[in-house]
Every structure is written in C-alpha cells, then in structure tokens.
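Next up: some structures, all given as structure tokens.
Paired with chain B in one complex and with chain C in the other, chain A is shared by the two complexes that follow.
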Partner chain A sequence: MSSSKGDRRKERIDRGIKVRSDSVYAISSWKEITYLIAPRLVLILGLALAPLVLSAAPYWQRVVSIICVYSLLAMGFDFLANYVGLVSLGGGFYVGIGAYAAALLNTHFGLPPMITIPMATLLGAIICTVLFLPCLPLRGVYFAIVSLMYPLIAARIVEALDIFGGTDGILGVDGFSNVWIEQYFLVLCVLVMVFALRRLVEEDIGLVFRGVKDNDQAVKASGININQYKAFGVFIASALGCLGGACLTHMYMWAGLSQFALDFSIIPIAATVVGGGGTLVGPVLGCLILVPVSELLRDFGSLRIAVYSIVLTGFIVFKSEGIMIYAARKYEQFERWVEI
Partner chain B sequence: MDIIIYGIINSVSLALMAVGFTLVYGVSRLPNFAHGALYILTGYLTWILMNRVGLNYVFSAIIALGLIGLIGAAMYQLVLIRVRGMPISEIIASYAIGLAILEGLRWGGLKGGTFRLPPFVEGSVTVLGVSVDFQRIFVVILGATLMGALWLFVNNTKLGLALKGMAQDERAALTLGIDSDRMAVTATAIGSMLAGAAAIILLPLGSIAVESGYHVLIMAVAVCIVGGLGSWTGAVLAAFIIGFAQILSVVYFGAHYQAVVALLAIVITLICRPSGLFGRQKELEERV
Partner chain C sequence: MSSEPLLSVRNLGKKFGGVLALSGVSLDVFKGDIVGIIGPNGSGKTTLVNAITGFIQADTGAVQFKGKDITNWKPHKIAALGLTRTFQVMRPYFSLPAYKNLIVPLFSPRARKTGGWRGGGKMGSRDTVAVDILEEIGFERDSYVPFKLASSLPTGYLKRLELARCLALRPEVIICDEVLSGLSMSEMASMVPLVEKLQMEGITLIMVEHRLRELFRLAGRVIVLNFGCKIAEGTSEEVMEYPEVKQAYFGSEEVYDYV
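Moving on to the complex of A and B:
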C-alpha cells in the first residue's frame, strides 16, 4: 500500500493449484487433494485434539466446551444474518429456551442428557420459531430491534411470574457422565454442523435463502413464499442455539436467568465479525480467539463485554471482511502490482 | 384519576425517551442503538460534574449536554459514517458502541442506588385529588416544552428545515446544496442531546443504573415502531398509547406485566399495520 497511488493497482489472480483443484480433476494428484483437504483437516484435527492437549489443565479443558457452545451460536447468527438476511441480536433467547427445555425435561421426566439434548434442541427450535413467526415479515433493522427484545423480556417474564424456579433457576440437572463425553459430543456437534451448513447453503435451498436476503421481492415474484423460508432459517439458527443451551445446562448442571444474558447475544456477533461473516467457519475461528480472551478477562467482570464491543467496532469499521475471508484470499490467490 | 395523571406522566416520559431516536432515524436512516447508553452517560456525566468537580446543578447539566452532543457527533463522524448504508453493520456497530459505554460504566462501578441526581424541587402537590411530586410535574412541563421547541426548530429555522429536507428525500436535499453528511452528524448530535435532556429530566425520579440504559433503548424503539419510524406525530401518539397501556396493566394486572405490554404492542402493530400508525414509508416497501 506504500506505493504511489494512481498509476498502479493491485491485481489478484487465482493460484494455479486453486484452479486445478476446482473441478473433478482435483483427484488427479495428491498435491491437489492435499491442497483441498489441508485446511479442513487442520480444523478437524485441531478441534479433536484440543481436549486431549488441554487435559492437563481442567479449567482450560472446560473452556473448549464453552468455545463449542459459542461456536454453535455464532454459526447460527452467521447463517441467519449472511444467508437469510435476518440480523438476530437476541442469541441469548435461543440459549435460554434450549437450556430451560433441557433442564425441565431432565428434572421433571428424568430423561438422561443424551435424550434431553436432542429433544430440547428440536422442541426449543420449534418454540423459538413459533414465537418469532409474527416478526418474520420484518427486514433488517426492524427484525434486529424486535429480536433484541426477546431475551430481555423472556428473562423478565420468568422473573415476574416466578415460573421455572424464578431467579434461582432450575437446580439439580444431571451432568454429562464424564468430561470426555461432554467434550467430544460438543466438538462433534460443531464439526458436523459446520460442514452440514456449508453444504446446505450450496444446495438449491441455499440459493433461495440468499435470494431472500438480497432481493426478497424478486423471490416473492417467483412464486416462493419467503416467510416459509425465513421460518426455516430461524428454525435452523435457533436449533443451533438451543443445542448450545441444552449442552450448557448439562455442563453446569443448572439452568437459570443468566442463560438469557447478554454474553450469548454479543459474543457470537463479535466472533462472526472477527472471524469473517458468510463463511460459517469464520465464526468458529472467531470463537476460538475470543472465548479464551474472555476467560482471561473473567476477573474484570463486565469489562469483558466492553472489550468485545470495542474489538467488534474496530473490526467492523476497519477490517470488515474478517480473518477467514482474508486467509482464504491469501490461500487461493496471489497479488501483484500492475502498471496502468 | 390516578390512571389519567400517571398515564400522562408516563406517556410524556416515553415520548422524551423516544424523540432522540426517531430524530436520528428520520434524518439519517440510522438506527442509533447507542441511544440508551448516551442517556445513561449524560446522567453519569452530570453526577460527576456535580459531585466530583463541584459545579452547580444547572451548569453541570448544560456541560453534560454539550459533551454528549460532541460524543454523539464524534461517534457518527468517526465510526458510523464508514458503515452507512450497510444495515447489518450499522446495527452491529451502533449497538456495540452502546454496549461498550454501558458495560464500561458498569465496570467502572456504576451501580443502582448510589448514583442519584437530586430532583429540581423537593416536595409534592395535589392535582385533582392525586398527590404528585414536583419532579413529575416538571417532566410533563419540560417534556411538552422540549417537544414544542423542537417542532418550532424543525419548522422555522434554516438548519431545522435542512434536517427535515434530508428526512424527506436525501437526494433532492443534496441537489439543493444541503450537505447530507454534515446534516447527519448534526442530527446525531441533536439526537444525543435529546437523549441527554431526557436523562436529566427523568433520572431524578430514580437512580442512574446501567439496566435503565437498556430499558430506555427498548422503550424508545417500541415507541418508534408502534408510531412508525421517522414519524413525529406517530411517536408522540404511540408514547401515549403505550404509556397508558402500561399504567393500566400495572393497575389491573400487576407491575410485572409492564415490560410485556411493550412487546405485545410491537407484535400487534406489526401484524395489523406493519408500517406503524403514521409510518411514512410506503406500506410494505421499506420494512416488510
């Protein structure tokens, strides 16, 4: 960037290996196969080995689980914002619903975690989708505002009506049978969801989603019911959030009002912006960076959220593409200055 | 009688909270999610100036208002202007700034109860058989005055008319030589000062707490949605509807339901009349 502007510009060209490995001929040589697989393998192995490596430090091992929970949420946010066009500022709502659902299923019906988690995910997602139905025709700002109110109001209602244990929350929820199951269950969830969602958005339905985001009038004019697709988008995102919430409940053996808290709304957003929106892997990467930082700042209480917000503002203003998109560009393209 | 008097007070408070938000949105199409934070920040600044610097009440309020105007303008000029026109980024950036201010204050030791602004005049008076303290009467009088002054400002001064022009049609305003960026900065500064003014008028009724920052944001947004974003008459009318609905719900159902009323009002409005009571946007065009 130091060069004099005006007579030169930066040109970006795809690397040869990227072009060769785009099509089916990628399988013609190990080099191309490695080029394709390497980044994915780094993510898979990294997440899979993290609990093992950190088993010496139980506290940080727990952080891996928390990273996974936030990653699920952040993926949901990214999917909803960058593929369906609904900015949901109320991630805490999904977590809260999932957490309470799992806790109630566990304490009232005595179901084990491995059954309550899928049930809470499904049930929670249905509840969230139904509650969001009236707001689905909204776009942009309007949806963001209304979704911001949901977790705050839900917490108020629980507090005011004194249902589900009121301010004490629901105690005595079963934990996972051991820490390895907890960790690998979460890691597996995150990996499956990342690759499943990336596949989903490449399918036909993903095309419709993006159409809804970019120009919903055109989608409507093609005879497609956009509210139905938006509802499906919200269902997927809230299922991810509820899954995270349900796991969180069993991790802490407790469900309470703090699961509607602001942390669950802001950290996923920050992670998405930092990691790179629209990539679905970016949010996971963002969580891997931000959540440990958050743990380090735990002593400072609410300063954490302030720090996040500043990082978030900085990224959105100065580096809005995010780490993942930047890294992918470097991996796939080379740059050079050309005279004009 | 209780219901009418307290309903009016509550409605004017809501209108005060919302007027800054609706001004900024109307002029620059920017949802200022830092609105609640600016509100609390003004209260805090006033408190600091009074108790730490030792100025008197009026001076510290005026200085705090000036500062908050500058902060609002700086926020727009330095950050928000770069993301203008990208709705997702606008929302996230302004919300993040608001969060940074609020949670920073919380970390800095701002807790409910300890920080209070004194009422302008102590004591209470009986109006039509209902005992009301002076501060609440001030809320109504000052609120009405502020709205009136704002109306005169927008309709009778050159700057006000320029802002109004921007709100109606930005491109047309540009062709008439109105600098849209400068107007947007001005609007954000004025909006922040309105939030600040609301804080100075309303905060003596309670204590300065971080939670009320979120509360103010939510209420402002609720009023603006019900009234139709960017519409003044709509905002005032919606403030009265929500204000009375809240008081009624407190009287007949209990104080817990106050928060639910706002959400219900939003949901019902969105289902029945998506562009709000007085939304100027063409139905379904902008919002749905």
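Moving on to the complex of A and C:
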C-alpha cells in the first residue's frame, strides 16, 4: 500500500461525556444525566405533544394515530428481523387478524374497546404464532416469501368463503369513546413498547434471541430449542401487529379486507430502512417521516408511489444506515480526519 | 474395561447423495477418556461429529449416551443431556462482548437447572459466571479480554471461546472439532494443559484433530478414519504402525509405479 501524502482516514472517537455516562458514573452530575435523558425525553414529549399541537387539524390528528399503528408494526418487524433473524413480510396478516378479532369480540360479545384490544392482541398473537409454526425452520428469504403469502391467503379465504362479512367486512364496531383516548392510548402503547423492547433485547433472554440470529448452530449446541425462541419472537412481533390492527378497527369502526393489505407488510420495512434497523426506535422515526409523506403525496394521485419510491431509493443509496444509527453516531462520537 | 461406556457409537453410516461419508463407524468412549479422532481431509471426521451430536441425521447405526439411545435426536436435546461440541469454523456472536457470548448457554434449561459450570449460576449472576469461566480458560481479566467484542478477538481466543461455550453448559462429554488447528505454537502450548485440566475436572473429551503431535500427547486412545471407515484404533504408537494408516497419510508405494 502506498501512503502518499494527503491520504486521510476518518477516525471516530467516543465523546467524553458518552464514556462518562456509561455506567454508575451517569448519576455523577446533571450534565451526564441530561445527556442520557435528553434523547429519550425528545421522543416521549414529541409523541405526547403531537396530538395536542395538531388538535386544530383533525385530519392530521388521525394521521398521528395511523403513524402509531405503523410504528407498532415496524417495531415488530425490526425486532423480528434484526434480533431473531426472521424477515417477516406478514405484517398485513398480523394487522388483519388483530382487526377481525377485535371486531368480532366487539360485535358478537359486546365488549368495549378497552377490553377487546388487549384480548385481540393476545388472541391474535396466539393465532398468528400457531399458524407460523410450520415455517419457523425456514430461514432468510424463504421465510420472507412464505410469510408474504399469509395476508394474501387470509384475504382470499375471507373473500371466497364469505365469512366475517366477506368483502363488506364487519360493520358497526364501536369507536373509541373520544378522540383523545384514541390518540393517547396509541401514543402510550408505542412508547411503552419501544422502551420495553429495547430493554428486552439487552436482557439475557434477548441475548438468546440475538444468538439465534447470529449463529443458530451454536445456540442448538448450547442445549436451547431455537424453534421455541423463534416462536416466541413471532409471538412478540405479531402481538404488536395485532395491537395495531385492533386499534385500527376501533378507529375506523370497521374491520375489512383492506386490513390484510400489503401496505402493512411493506411500509414497516421501508420505515425500518429509513429509520435504522436494529435500533427499535428507528422504525418509529421512519414511520414519523414516511406516513406523513405518503399523506402529503395524496395530491400527486398516481404519481404518489413514484415519488415515494424515489425518496426510499435515495435513502437506501445515500444513507443506508438509517436516521437513528446516523444520529446516534453523531451524538455519541466525534469524527476527525487523520493523516495516514 | 469393565464399566459401561459413556458414549457408544455403533455402525454409524451416512450418505450424501452418492458419496459415502461414513460407513459403519463404531467407537466406545469411557468416562474420563480423551479419545482422538484423526484422518486425512475428507475422511468423515466432522461428519461423524455432526451425526453423533444430531446436527445431521445418520442413515444407519445407533448412538448411545449414558445408556440412552440418542440416535438422530435433535441437537439441543443431546446438548441438554450433557454431550456438547465445538465447531470447526468458529462463529461466535460477533456483535457481543466475549463474556456475553456465554449468556446463551448459561440461559439454557440445562445450565439453569445445574447452575452451569461448577454450579456457579446458582450463586452469582450469569455475567459473573461467564467472566469466571473465561478467566479460567485463559482470558486475562486484568487486561479486560473477557469484555472485548468477540469480533476483535484473535483466533486463539475464539477457539477458547468455543470451548468456554461448551463448559458453560457443565457438560459430561465435549467433542472438540479441531480446537488446536490454526493456532500459533505458543497458543497451542497453552491449550494442551487446558485440555488436561478439563480431563482432571472429570470431563470426557473427544478430539478431532489434524495436529498429531499435540493430540498424541493428550489422547489415550486414537481412532483413524479414512474414506468414512474406521481403519485403526489403539494408542498413538499402535495406530501409527498400521499399514493402512501409513498408506492413508503417506500414500501407498504402488502409486509411484503409475507416476
């Protein structure tokens, strides 16, 4: 290697404050505490204030709810893809099952939304996990292909057998008692789930999940049944999807075939790419950008999808690491050019 | 020997398409043994390990461990019984620090029941036990080696990490798939006493190796494979006297006639 004069390399070094706030020293002064809390506070306050700020524009208030639904899904996708190693395109299936479960519980048994949502989440997650059991031994792109079939098949079955209202869907589902409850319930769900998942992946059980992703052979040789953990991973991801779907049903007061739509499978991936995979917060940021953008692009009519694709391609080409990873790097490290 | 073998393999056979990778291999391993398995490249050593530990399904034959028939059991069940293995190609969980790599085996049902290596898991946290295991196996705690990212460790440490991952389970038998190959002379020199120490702890070892000199020092009994068949078994001096073994390693004299 010739090292002519002027060869430079970018060096990244952890900021002092990042190192200082690493362990117990974090509570040594307000500066360190602020350093740790500030980014979390921005997320919490940002999401908590969004419905208030947008209360003048009910249309955009509804968009916040939709962002939250997509965020839940995208978080599940990120968890499953980057921590369990299963790239699942079954987002539409999770939402659909959650939506129909909530709608049926509400219309048949007359349960209020605050009961149907947790029930639909649990019940839906169990149904999804059981149905996904046969494909758990599949890996990589094979799992992705098979999981993409689930929402398509489910929609066709509902349509062909004319069950659950067929193409009309289930009408007459109760809505949330008022718009504020809807908004803050969803915002709370997203915040709780983000922090819970980020905690989970750092716990010992989370390390097993990461082991399954990194090297499943070694996990098997360690006496751990990997299918059990994959099933648990699918359970968590599908619970998030079903939660989103159940909320969606009560928001629209309707459950129908469009809740098996491919949007729910695709947008989470796009959000994870834009926001930064493996961070679990990234997908939420991705949804915060992509969902409003796609709403704004409604005016473009059929050009919408083209503009959308260009935005996405731009991200993949120029900032493939995603916003969150880029921001975290800038926040935690400084860069300098060194001569080599 | 009068006692029952701890691990007994009978007539194990495996075909990959038309290739006979293993044909009728039998061996017995007794508690406290170090058994060596040697053979030229492609002789079926790793296939034998894979078939014993359930990573591939054997076509014929049977494996018995602690009196239980474990033929073609799932790998995690075999590991949970106390028969575990290292991998020839080391693939630790690269994104994690070395000691976090051991959390996975320490979190397994077997380790949670027995407490893992020396039952430590019942006393301290898993992190503490993991660092203890690594320290014992030669990761210098004073220079923070156990806390370094697995991706930044050199081969010698990664081989030890493979062994440590097995130890964390508190196994009865460890099958080491080439833990000595790829090491420098000094790394190897420290690996040999480590293996002897494990034997003194009461762990039975099966070592698949290319490094004959070190293996012959350790192994009480050596099995030689060639083209999927067992061609010799005995002490290290005995097996090197077999004409088949000489032929497998050095080639036969007839070959020269045709060249």
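To be clear about the criterion, the second predicted complex is superposed on the first by the 315 of 340 C-alpha atoms of A that agree within 3 Å, B and C clash if a C-alpha of one lies under 4 Å from a C-alpha of the other, contacts with A are read in each partner's own complex, and residues count from 1 in each chain.
What we mean here is this: a residue touches a chain if its C-beta (ideal position, glycine included) is under 8 Å from a C-beta of that chain, and two chains touch if they have at least 3 such contacts.
These figures come from a predicted structure and were not determined experimentally.
Asker: One more residue to check, A:221. First (chain B), second (chain C), both or neither?
Answerer: second
Asker: Pick one for A:167: touches chain B only (first), chain C only (second), both, or neither.
Answerer: After superposing on A, A:167 lies clear of both chain B and chain C.
Asker: Per the contact definition in the header, classify A:208: touching chain B only (first), chain C only (second), both, or neither.
Answerer: After superposition on chain A, A:208 lies in contact with chain C alone.
Asker: Let me test your reading of the model: by the given contact rule, A:333 touches which partner, first (chain B), second (chain C), both or neither?
Answerer: Touch status of A:333: no partner.
Asker: Mind working out whether A:28 is in touch with chain B, chain C, both or neither, as first, second, both or neither?
Answerer: Neither partner.
Asker: Of the two partners chain B and chain C, which one touches more residues belonging to chain A?
Answerer: Chain A has more residues touched by B than by the other partner.
Asker: Enumerate the residues of chain A that count as touching chain B in its complex and touching chain C in the other.
Answerer: none
Asker: Give every residue of chain A touching chain B within the complex, in rising order.
Answerer: Going through chain A, the ones touching chain B are 81, 87, 89, 134-135, 137-142, 144-146, 148-149, 152-153, 156-157, 159-161, 262, 266, 269-270, 273, 300-306, 308-310, 312-313, 316-317, 320.
Asker: Show me the residue ranges of chain B that touch chain A in the complex, using the header's touch definition.
Answerer: Checking each residue of chain B against chain A gives 31, 79, 82-83, 87-93, 95-100, 103-104, 106-107, 214, 218, 221-222, 225, 254, 256-257, 259-260, 262-263, 266-267, 270-271, 274, 287-288.
Asker: Quick check: in the complex, which residue numbers of chain A touch chain C?
Answerer: Counting only chain A, the residues touching chain C are 204-205, 207-208, 210-211, 214-215, 217-226.
Asker: State the interface residues of chain C toward chain A in the complex, per the touch definition above.
Answerer: Its residues touching chain A are 53, 55, 74-77, 79-80, 84-87, 91-96, 100, 103-111, 126, 165-166, 168-169.
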